[in-house]
Amino acid sequence: MIIDSHAHVVVPAESYKFMAELVASRANPYLMPKLSDEAVRNAAKLILDIMDKVGTDIQFLSPRPYMQMHSVKPARVTALWTQHMNDLVHRTVQMFPKRFRPVAGLPQYRDESPANCLKELEIRVKEQGFIGCLLNPDPTEGDGTPPPGLGEEFWYPLYDKLCELDVPALVHSAGSCSPRESYTLKFINEESIAIVSLMNSKVFEKFPKLKLIVPHGGGAIPYHMGRFRAWTIRSGGEFFDDRLRRLHFDTTTYDKDALELLFKVVGADRVLFATENPGTGSAPDPKTGRAYDDLKPVIEEIAFLSEEDRRNVFECNCTRLYTRFRKDD
Amino acid sequence: MIIDSHAHVVVPAESYKFMAELVASRANPYLMPKLSDEAVRNAAKLILDIMDKVGTDIQFLSPRPYMQMHSVKPARVTALWTQHMNDLVHRTVQMFPKRFRPVAGLPQYRDESPANCLKELEIRVKEQGFIGCLLNPDPTEGDGTPPPGLGEEFWYPLYDKLCELDVPALVHSAGSCSPRESYTLKFINEESIAIVSLMNSKVFEKFPKLKLIVPHGGGAIPYHMGRFRAWTIRSGGEFFDDRLRRLHFDTTTYDKDALELLFKVVGADRVLFATENPGTGSAPDPKTGRAYDDLKPVIEEIAFLSEEDRRNVFECNCTRLYTRFRKDD
Amino acid sequence: MIIDSHAHVVVPAESYKFMAELVASRANPYLMPKLSDEAVRNAAKLILDIMDKVGTDIQFLSPRPYMQMHSVKPARVTALWTQHMNDLVHRTVQMFPKRFRPVAGLPQYRDESPANCLKELEIRVKEQGFIGCLLNPDPTEGDGTPPPGLGEEFWYPLYDKLCELDVPALVHSAGSCSPRESYTLKFINEESIAIVSLMNSKVFEKFPKLKLIVPHGGGAIPYHMGRFRAWTIRSGGEFFDDRLRRLHFDTTTYDKDALELLFKVVGADRVLFATENPGTGSAPDPKTGRAYDDLKPVIEEIAFLSEEDRRNVFECNCTRLYTRFRKDD
Amino acid sequence: MIIDSHAHVVVPAESYKFMAELVASRANPYLMPKLSDEAVRNAAKLILDIMDKVGTDIQFLSPRPYMQMHSVKPARVTALWTQHMNDLVHRTVQMFPKRFRPVAGLPQYRDESPANCLKELEIRVKEQGFIGCLLNPDPTEGDGTPPPGLGEEFWYPLYDKLCELDVPALVHSAGSCSPRESYTLKFINEESIAIVSLMNSKVFEKFPKLKLIVPHGGGAIPYHMGRFRAWTIRSGGEFFDDRLRRLHFDTTTYDKDALELLFKVVGADRVLFATENPGTGSAPDPKTGRAYDDLKPVIEEIAFLSEEDRRNVFECNCTRLYTRFRKDD
Amino acid sequence: MIIDSHAHVVVPAESYKFMAELVASRANPYLMPKLSDEAVRNAAKLILDIMDKVGTDIQFLSPRPYMQMHSVKPARVTALWTQHMNDLVHRTVQMFPKRFRPVAGLPQYRDESPANCLKELEIRVKEQGFIGCLLNPDPTEGDGTPPPGLGEEFWYPLYDKLCELDVPALVHSAGSCSPRESYTLKFINEESIAIVSLMNSKVFEKFPKLKLIVPHGGGAIPYHMGRFRAWTIRSGGEFFDDRLRRLHFDTTTYDKDALELLFKVVGADRVLFATENPGTGSAPDPKTGRAYDDLKPVIEEIAFLSEEDRRNVFECNCTRLYTRFRKDD
Amino acid sequence: MIIDSHAHVVVPAESYKFMAELVASRANPYLMPKLSDEAVRNAAKLILDIMDKVGTDIQFLSPRPYMQMHSVKPARVTALWTQHMNDLVHRTVQMFPKRFRPVAGLPQYRDESPANCLKELEIRVKEQGFIGCLLNPDPTEGDGTPPPGLGEEFWYPLYDKLCELDVPALVHSAGSCSPRESYTLKFINEESIAIVSLMNSKVFEKFPKLKLIVPHGGGAIPYHMGRFRAWTIRSGGEFFDDRLRRLHFDTTTYDKDALELLFKVVGADRVLFATENPGTGSAPDPKTGRAYDDLKPVIEEIAFLSEEDRRNVFECNCTRLYTRFRKDD
């Protein structure tokens, strides 16, 4: 079975209108939109067509990260929008329960404690069967002083709840207000910051059951192992490669050379198949004619992966991690 | 002829999507959308149906003010969005040249000088036949220190260009970031601030040909004449009622009592017919069954207006002011 | 009996000196001034002469709002000044108990919780017989981010105390630091903001006994009913006119047309006679020769008011609301 | 002849009222007060009585420094107030030309360049015979980042004008917004900062004719000579005592021991007689029965001063410095 | 016995390197340096040579104040540096127990409560025999809004602990970020501010056992007694000279005239011998050939001091105050 | 010949002391240190020993980047420190002209224009033979809003001068004030931001002769080519791989797998040999026993590089780029 562990909803026109109105009115006043079943179905169909074409059995579906608006003032904007998007995810999964699993967005807001997200997370998981969530390490989106790194106590209330609910979090930043750092690049940089902060912290000692996935091949870190290995040698303590095995990664980096590096550095037992398709990588590679995010054949071509490695990457790493996943849901 | 001097485009779904993407990506990166003729036509049709129903011959069409996003950082967001909306206005007018006239939005940005808007205004007026523009007196949208009042030199570069091009400006604020002041109320408050600032300034001495229209019945000012009359009596100088005659007003206040007050205070020769239909007033009045913004019958019922008054209000005040208006365009 | 429910003390020269010293020294150090009985009496005489001339029996006397200095740093400035002004009110009322009733100013400070005002309010009411207070919805006076709207929990501690003491609050802003918005205009705008915030809130469900008076004819709202009626129609819930009946208003708007609009919109049973005389309206109307704030004859001329309406406006609305008022105090 | 080179006007009641109104209204709107001749005369009489009592022939009169309100926003407040106070100084001197000489306040504003003060200074000196001015080294009054030290180029435009007009400036700060530093202490601290900044600068090389007087005995510096002598020894360059002779000082420090230290450290040829009477020192010394600011007998008691020293201190240092002073004005 | 109650460590090269790295890396990451015994001994030897030369028996040794970096972000920088410096003090005293006594620096940080320093203070005093500490009244070092004055409740947690441990605090500011106020001048100004804040407070009523020493001759205050005496006369309450006797002072002002003034004003029983040698005063006085900070002969020359006075100054005032001092440690 | 194009000085103890003093005093006051020849020589010897051991013929020596203090206020701190460090570089090169070449640090300061650096750069290049410089893309060091991206006009004055002098710049950030992003990680993130900003700009069209080197293997970009390739496919314009060839890179990434990826992605003709030895990578790799930054054998092991490739990497790419390099200097 091929599970694409990291994918996002296609946003219906009515939702774009709602988002535009929310931003324009700053949610004062606002009217919640009512998406028709048809609108939800049409959006899902776009994804299903792609899945069928590239051979994906199941996608884990979450709100589109760069559109989470975690920094738009006031907090009510992101609260309403997150609710709307999670509703969309939920309805999509209910319509196509064999093809999708729901992953929640969190109503994080600027530098406020993630404690305000626990209720939304709990309801989605317990009442609607969501199996994981997104975690934005910088909900200020680059507008002002960011919250502490993921290794700090600031995040413990969320880690606590993640462990209690036994759901993994996908570390994924949202937008970027800095004119010099596009959101797509901020994803990468935030992942690097997240990893280093976690690796230098006691988070996994405090929360041994915490499950965090760093997408996009782990930001820049697997490409800069020498720098961090030298640091752990010099400062003592556990070797950097060993620390890194507390994390999980995914394959959304769209290049065979890069994926090979990733597998070599973190091990095939730590990497989840993922494409974000349709998304950033959805453009045809002139060399292959296939889209950059059609990663299944790319991974199948990597010679040094064993059959078991591939099974792990395509399915088992994911199902081991997402314990709330049920095949026959 | 019935000219509705103040109305706004209906935004197509593709534009909402663009706006949502602009905000989410902070215009980095961005792709300009291409609206189909059909999308433009469908949006226009919604307006035309209403116009036909309520008996409006011509609408002056501008971007929807509360969606101008003048305070969203960085400046490129509002620059691109204004361009897109003005393009939509232009294409709509080109499709239905007998029913619409174009009024431009300006790419104002936070507390920056309006000098950055002159080029966009000039191009729209000279090359595309726009006959007026919107003027937002607080493009910070309540997020930070607002620019100086409309009576201050800050605005002179724009006044200069308005006089040079001989186009009126409609004083209309945009959104409101303050959680305690909705955009709809900010419209009113900003109009009051604008009037008082202008009335205590030398703007009309410096720019005797400047034409400014204060919509929504002139904010709170016609209802608070006593306060300002007493002030001019006490401080000397021209009487407040006389100063006020340098401005123009419109009828977008949706209540017969209020409109009667307006006509009494500022005179029927200073008021332009306007409805913003469809818009804020588009809800059925339970007393009449008509929409609140169906103002033609309301004005026709005001007993103390003469036939000439009505003609002025419905047409001639407007055509005198908008000198670039041509009947047979 | 004619009760002018909204009037302010005349400030003696010694108090101006104190205020000047407070601001210059930022209350560090300071010496409390001791007003002579003569100074208090002379100030009161100025008011009494006017009252006799215009036929007012009793005035409710409070500190002059625009001089409350709620935003001057540090908090000790406004604390000392408020105390001094409330003392002046108290002494004035003690000297002329048949002609005045005391209404307290509150030592509000910038965006700090109104909880710091409860003690001053309680002492003035319980120990000195004050019958109401002022409530400034924006004690930042436009210098920085204002506190939440009057509909928000931020204000609950004060509402609680108002209900407990059974005293009404007069919603009246103070100064304005924004160079583009004079304090006299800010009064109006703040009243509009206050009304809309309250009308969209659950304040009167939580505090059914809360009594709030919006002076100056209710800001801009009675002139913009169409806008807010349409909104309640569209969003559902109680009709705007019905919501508005939870509030009270007063007649300090100085124009017959405006007063007629006010009575029509909110009803004669919701309006209190008030003049702020001497104050903003104290200048001769060239048309009548009377001062703008000599409102008794103006109201008596309004044809559609019944005798009972007039009695309500001039006395009974006020005495019903101010339950701590005693005729024979 | 006894010249008291540093004294301030007594503020009439009407001026306090104006100041209070200016602050309350932030000068929007405002009405300039018209002081009666009687008010001006009465205020002057209070000073003349003191002068006669303590034996002062002539006072140099300037606005009261701590009331200059250089930091109150917006700039128009201090502009109007400075104008009003300089007018008061001017009228007082015109009434009693044998007993007073005028020294101007400057409309400095927060961290803005002193260039905005040049016009006011020039008019007062050239058209009204002012002979000097105050110079506030921190017009932010402790509210925000202060401007650069007096040794920096920021102040050159003012130094240029002072040299051109050949008038001395008295370095005197105004109020203090910092709750922990009263204005009276800030005077002292600012003088220390001013001296050190000037001593480490090239100001007197660039402006060899610049005449600056540091009042209040030169802040803390004469008491801390060891610290600064050691510094110049260690870092090289001119010895600190020699540098200090580019400045002038005055006697407003109210204690014989302190004055003796001052004379020893800076030399009797650098010190001007001054009392600020009536002012900070106007309270009876229980030991002598005289007011602390009755400094003439104190100075006469200092044994080590020669007759010539005393003549210099009481008259000649001052007349040498204030070249625009004429005995027979 | 000659006790120099106020002196600072000489910083070894390894510590400078550590400080430079801390600032450059903002303590992320960092490695604590390990000073060799030799480095500690060499630094101490530099001081001992001076002590022997000038005849000092014992020095009270604390971290060098201007290098405390209390404002460098983040807090971890100053926390680590303070720990390192206190360790250096401790090791120096352990090496030369007859010649030094340890005084602790506190890890104060910007405007945060001094409560975070109590643990460090307690450990140093109870476990390592420290006998006092430094107290920086402005740990923002002029970068932003300073904490409340020493007379305010903000400081009570620290005063509480000082009383509980029965250790004096030396009021000594650190660096200065303001380009116009060098750290050396800020010492003086902060001491003046500290004294005035304490003298106008109830601190010594609340903490009658609190022992505070104001070094550098008490800032500017002894030179400006007239100003503050007049104030207490005018405002009532205890006379300023009497209030001042709750404090202690030291002799680090490097000038005979200044020291004479100090002894006269505050009394020889309130002044502790202190030199900060080597430090600011370590430069040769061209008049005497001795260093400015070689103060023993200077004090011995002051004629009006009795033998007992001198004994008090050189030893007994200090030993009375520092109750944890033991001669034979 | 083996040229290590990217290495930094070893900082002598005296310089650390100077840096510590500069930070503690905020350069007010300051005394420039005078390094002895011995101090300079000893520091250089540490490097030469390493060079000899690992087989490097020549190092290009610049100030240590993370210690540049570009954000420490005020600007004079970094100005003095940069001057001191460039002097150290210059003296080191003069002592060992066959083994080192000088690369300058620039006195960049927070968000100020790089125009203030041109004079220092010009002097170092023209008068002292420096052959290149560092360029910090974020001199705010994460403390506040960063300057525009390297693709923006903000940087044109520097690019202009670089072209005029024909010297390459090494894009290297300095410290990081953000507690969640260590300087070592910020290097990587800033390089990614720099590349993307440049690739989306017209910088190389405006400055075709501009030579920029992105060290540390180009940040994260070579590992995320898929993401950026897809973007250029989708948005049109030149393919990302082609754009990237306008830049140069170096080998300071300390891992064979990473270096192989780098060579594959950008080509061996675009990569300069570089080690920063001694530096971040100076710790023994437990697998090889060699230090991580001993990269010569690592590169020699990469099978797919030809002899010519290696010559290019070790020498010719560098000498082609650094046109001011002379072998026999």
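As written, the chain order gives the labels A, B, C, D, E and F, with residue 1 at the start of each chain.
By definition in this document, contacts are C-beta pairs under 8 Å (C-beta built on N, C-alpha and C of every residue); 3 or more make two chains touch, one makes a residue touch a chain.
Here the structure is a predicted model, which is why all the values come from computation and not from measurement.
Participant: Starting from the defined contact criterion, work out which chains touch subunit C and subunit D both, please.
Facilitator: In this structure, the chains that contact subunit D and also subunit C are B, E.
Participant: Can you list every chain that touches subunit C and also touches subunit F?
Facilitator: Of all the chains present, those in contact with both subunit C and subunit F are A, B, D, E.
Participant: Taking all residue numbers at the subunit E to subunit F contact, is the shared part over half or under half, that is, same or different?
Facilitator: Counting shared over all numbers used gives more than one half: same.
Participant: Taking the mean of the C-alpha atoms as each chain's centre, how many Å separate subunit A from subunit D?
Facilitator: Between these chains, centre-to-centre, one finds 67 Å.
Participant: Counting in whole Å, what is the centre-to-centre distance of subunit D and subunit E, each centre being its mean C-alpha position?
Facilitator: Centre separation, subunit D to subunit E: 34 Å.
Participant: Could you please state the distance in Å, as a whole number, between where the Cα atoms of subunit B are centred and where those of subunit C are centred?
Facilitator: Centres of subunit B and subunit C (C-alpha means) sit 34 Å apart.
Participant: Where the centres are mean C-alpha positions, what is the separation of subunit A from subunit B, in Å?
Facilitator: Chain centres of subunit A and subunit B, defined by C-alpha means, are spaced 44 Å apart.
Participant: Counting only residues that touch at least 2 other chains, which ones in subunit A make the list?
Facilitator: If we look for residues of subunit A contacting two or more partner chains, we find 29, 179, 182, 184, 231, 234.
Participant: Which of the chains touch, listed as pairs?
Facilitator: A-B, A-C, A-E, A-F, B-C, B-D, B-F, C-D, C-E, D-E, D-F, E-F
Participant: Please name which positions on subunit F make contact with subunit E in the complex.
Facilitator: Residue list for subunit F touching subunit E: 11, 13, 16-17, 19-21, 23-26, 28-29, 66-67, 69, 72-74, 76, 143, 175-177, 179, 182-184.
Participant: Considering only the defined contacts, which subunit B positions touch subunit D in the complex?
Facilitator: 200, 231, 234-235
Participant: In their shared complex, at which residues does subunit D touch subunit E?
Facilitator: Touching subunit E: residues 146, 148-149, 152, 178-182, 184-185, 188-189, 192-193, 196-197, 216-217, 219-220, 222-227, 229-231, 233-234, 239, 253-255, 257-258, 261, 264-265, 280-286, 291-293 of subunit D.
Participant: Could you please specify the touching residues of subunit F with respect to subunit D in the complex?
Facilitator: Within the complex, subunit F contacts subunit D at residues 29, 31.
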